[in-house]
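As written, the chain order gives the labels A, B, C, D and E, with residue 1 at the start of each chain.
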């Protein structure tokens, strides 16, 4: 065979050819990243910094923004509604994340062992993830109705349990909204958990069975610890989701957004109202800054708590 | 993969496992699944009712009718919205697959200073509420003349941090040997990525594609803001325009939502095993 | 410690039968090695013994009790896996202690046993490390430690060394062997490496396609293989096979001369087996036995000896030359195998006809 | 085909130096094997030759040209990786054809070359298969095919056989060797398997900690190791080392007797090396050489010979007994190594003092 | 020239406007009107977003309650008195048009106006053997007679809907307070209902649920839904609901809002006005003015009444004999005569204060007086903020 790739001899030495291999690779890397970096800078970071600046202004969309220092923040921290909303947001987080993770893990854990009609059942659980919040919010509102209309109250009364006001109660409304929110995201979490479960090598289970562990001990000692990377991922992503809850609240309380009496109002809805009903952009920006801070803090805290211990 | 690392479930699926306990679990799971889709059943049921029957909340309509479907589908605008959504979801998905993969690959496989910083910076965008960005985006669009255009609808979603994260995890699992072999074969870095690395992460690409398609198919808020002509509405925006001042045509909304669910349902049913495999192979190393 | 008996053990996966009713008695304290090509059913058999797979038919007895229906933990058997199966989220000590999970021992007692075990295996300094910070050999030792710690009636090993490199493998081989001597526990060991089988086993079980072909001590199998498969499987490099015919008491072979042998009573095509170590490159080809001449196609100098690949008729055979002799490639050499170092097999059934 | 010269080649990873300025000239058409323990810098050196790593200092010449700054493709070098690195999404033919990616050839020409290459490697029937449907050996052949197809000036192999099992490994060893004879291309081959090094190399380069310890032909290294490391590294099982002292021309050792040897001029502590194959279990311990008695601690019957682990003083040494002799464990045996089979090393520097 | 007209999506409104545009373009061949629509829920957002980007429409439809925000935001410009003589406006239109006046300038003109009335389910009334109520006592009696309850006392069919998020807050603010002898706002536009009459009005309303138990907030989610489902005998709603109720599978009727014991009636009227965008100037301004003139002309109003069913904003077009005799339009038209129009600063926020006020009483058990004081404070704050 004749040489097809003889080293080109008398080639002019270009600048590119004089670079180190490592340097060339770095240049390639930045070339690959150029468009994305421009994108992220322009579409995400610049607007974000703009929001930080706006939070110090009294911009109302209509007249040019005026710098007013921390006045928005002062207003906000003095506003009882803000604290109520702040509280609600954390309730969504600290109820929603553990409950949804526990349920989805339970389902994934058992679904993983089911062979018969496996993908059909899995599809059932995933389906809600495919729907639009607006249409589903309406359906859920009806589920929560008192008898004779409400399915849930109907069910309760056949069990002999008193009717519950659900959305019409300052105590129950938040939970009532959380349920559809959990419902909608469950499919996604189940799929992720199942993927995590399947990634655990089977020999670990066999070894544990030989060591004499029962199902429960295997779950506690083997499955849960080995599932940690998946759990970390889901905890962080679902926390972000619950901290940013909006669609379900907006659609299920469309007559009295965030009501009754702000019992269900999360921060994002407050931001939305401040920005797009009252057009107090500066004030809304201050709220987003708070939301951003919470998100950042919670995520970092979780990553820290759940970090891999060396 | 050796037999020993096969999924546990397959190894434990002994004949012994057909036990009462299993059957109970199976039944409970099925019941749970049915409960999960009950709201969807109501959606389909409402879409088969006339506007007068909407508040008759029986699951099985007294007189089911396909009028709503005929009305919705017969309306040329609806088809247009449907096509818009398809086009937008597909384009954004393609862009996501391309750019998220490229970035994920670069972050996973290239060594350079600032790599970790860029990764963190991209991840941190997950924490920025979109609501915060809508107004700046709108300003930007209007200055650049993107209002009321497909590009205007699509541009904010062209890359996502989630995709970058997912793809990075995946590419970390691709052995360097493959890339080096290609380098020796004379491919440039771009071709190595495109011809060698990409085909090796097909499961991840399908997972990303599905999540991205679903996400964009149901996108509502931004398309609503940036479109002005009805011809450019996406399906969810179009569907919501069935509502008017405090008088919402639920039967049409449900019909639209039902029709809108069908493509995503098909996409999911066709590709669901790739999602599991895709996410599984990513290993989610945190 | 206990005797293990397999009586007509069968394993079906759906419609395919992986193990075809095997019978075997493993004596108390014996070290039995299962060998055979990939997919022959070694692991399946082992897993049936462990209780990880259902037994489709037949009986399994441990210490004279039928245990078909018992859970693994009730059988009190320990198992070591190819990929070690040590838990990445636990320290070495916790991993070893995991073997005591169901044991009713106080914390202190457990701790003592873990330390003892660690000492036996030379892991005492590593008890607080995570597996990620261990080498392959150390991981394997941890896996063995977890198996040892609770004093099982038998150890099962499924290719425990195949993820290790050659040097470590030979070291671990010795360690497992000496552990067996020390503990005296019954061991069932699966491998497809014949060196492991030869060096470790009290008895070797050769399997193929879900059947047992031959059971015997290593020397037994080396000296008296019952068929071509076992003959070629045991010993390295593999036994050379030369086509031949016995016609009216005379053996003629393809490219080689045979002289002064006592042949078995057989007519027809045969295979003449000769081990590379018995086939010497030498100029002294006189005397009874097999002799041949051929062109050198390749040489592998190993230092202590040189393997010489020689073309013989249509095939290639391997012969041995002394360490410092490296015949040039392309040259022609003479080969000689002494009488009684030849193995004869029936060409059709591949069954052994005896030595010659 | 080309000469490859390494002149003071250095590789730094950050602050740690992985390769400490090595010099080596690889002749055109030579088969050079790098051996050494894990982490000694073999792969790093190879990758610098390939152009996959930057050279931190020194010069690399291929065909007398400095190529430090050249891209892999400009160096026209082919490389075969440990895990084959054949692309799972392409057929065998496409994989092989990928070596021609940058070649300016017509479709038909490419096809012709792919088929030629396939034929040489016995892959002609598999060209349309996917790698998933290939065995390990076939995959390795595909990887070699991809390297071969474009006729590079040199092949680089990085532990190409370590994922294969023993039988396949020895077969592929032969194939690569014969391919080298056929093509005559320079080959640089990295392994940590000394058998591969011994059987394949024209010259072996022994590395440790980023330095070259010794370069020479296999026989050279086996017979004249320059230090303890090389002596123990080459040859299997490893050379036994016995502590000893030379005092006024007399060698005394720990637990063994030495007689009638010509000793080098050296005073003080030494290590006496003796290869297991030179140390026989025998009752005839007379004559010049080393003799000893010790308790048998383990035996490894390999069929053709038996390795006997014998306790000697505080340490253990390995001796050889003939195939059919298996001394019982615990018994005491006599060992004998002939004069001139002993290697002497300075105990402090570990440098060779010569044979005795 | 091309000018752009924006309104929210509602089928019949879009149709009517298309018809008007066609007619207008025929008369003015040099002008084309681009008709853009947005879903109602996000209409305001869209308008504001457009303004930020400097892309406003030339003629825009707005709820009169948004006027302050639109004016303050510079979204719309005052009508040129040369083109739209103010005295003619005041003469021809219903007086509620004054809600479009800020300072000395008018900022927009309505095509149609709406008022409230009491809808009742004829079937349920017939079942109870009742006539439609004319005053509040009859209302209570009818509600009691038509309410159905299950064994546990739960309402399964309401006498009257209770939905502050719907039209009830108008009923309470402009009708019930006045009927109790008070005023919702004083002459300066400040909150004036933190009084006995305000409290009495609120008590009347909340008593429907707590004392009379003839209605329930949140029953069937929305008042109109309960009525449409045939599970409420009465509901108070506006003209714009007529279309939605057309499909009801039962007969229903409309009567004027009930009078108080003294026969005193009140009503609340509102409308969507059309205004000229702040960005329109030059040629486009002229075209926009022409278009606005056309769509507030009697001809346009008749078309609007035909297609949409909304009441004409000009007295003479509205108060024709035929219209007044219409059993459905009649009660609404009559209501216009004594209707009030609330001057909103932030319509959504002000409604929210009313919703919260009722919720505090019903859900948290706050006393009527405390709740109304809190509501008054909150609303006054909104008004103050709006006036700045």
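Note that a contact is a pair of C-beta atoms (placed from the backbone, for glycine too) under 8 Å apart; a residue touches a chain by one contact, two chains touch by 3 or more.
Just so you know, these numbers come straight off a predicted model, no measurement behind them.
The chains in contact with subunit A as well as with subunit D are B, C.
Across all inter-chain contacts, the pair with the most C-beta pairs is A-B. The geometric centre of subunit A is 14 Å away from that of subunit B, both derived from CA atoms. Here the spacing of subunit B and subunit D, counted between their Cα centres, is 53 Å. Centre-to-centre separation between subunit C and subunit D, using Cα means, comes to 26 Å.
Distance between subunit C and subunit E, defined via averaged C-alpha coordinates, is recorded as 92 Å.
In subunit A, the residues that touch at least two other chains are 5, 22, 61, 142, 149, 201, 203-204, 206, 228.
Multi-chain contact residues of subunit C, defined as those touching 2 or more other chains: 52, 81-83. Counting partners per residue, subunit B has 4-5, 11, 135, 186, 240 as the residues that reach two or more other chains. Residues 1-8, 17-22, 24 of subunit A are the ones touching subunit D in the complex. Across the complex, subunit D is touched by residues 165-166, 170, 173-174, 177-178, 181, 192-193, 195, 198-199, 218-219, 222-223, 234-238, 275, 277-278, 297-305, 307, 309, 323-324, 326, 329 of subunit C. Of all residues in subunit C, those touching subunit A in their complex are 47, 50-52, 71-73, 77-79, 81-83, 85, 87-90, 98-99, 101-102, 130, 146, 150. Within the complex formed with subunit B, the subunit A residues making contact are 5, 22, 25-26, 28-30, 32-33, 35-37, 39-40, 42-48, 50-51, 61, 107, 110-117, 119, 121-136, 138-140, 142-143, 149, 151, 180, 183, 186-187, 191-192, 194-206, 228-230, 232-233, 237, 240, 244, 246, 268, 271-272, 275, 281, 285, 288, 291-292, 295-296, 299, 303, 306, 308. For subunit B in complex with subunit E, the touching residues are 50-56, 135, 138-139, 141-143, 147, 224-225, 228-230, 237, 240-241, 243-247.
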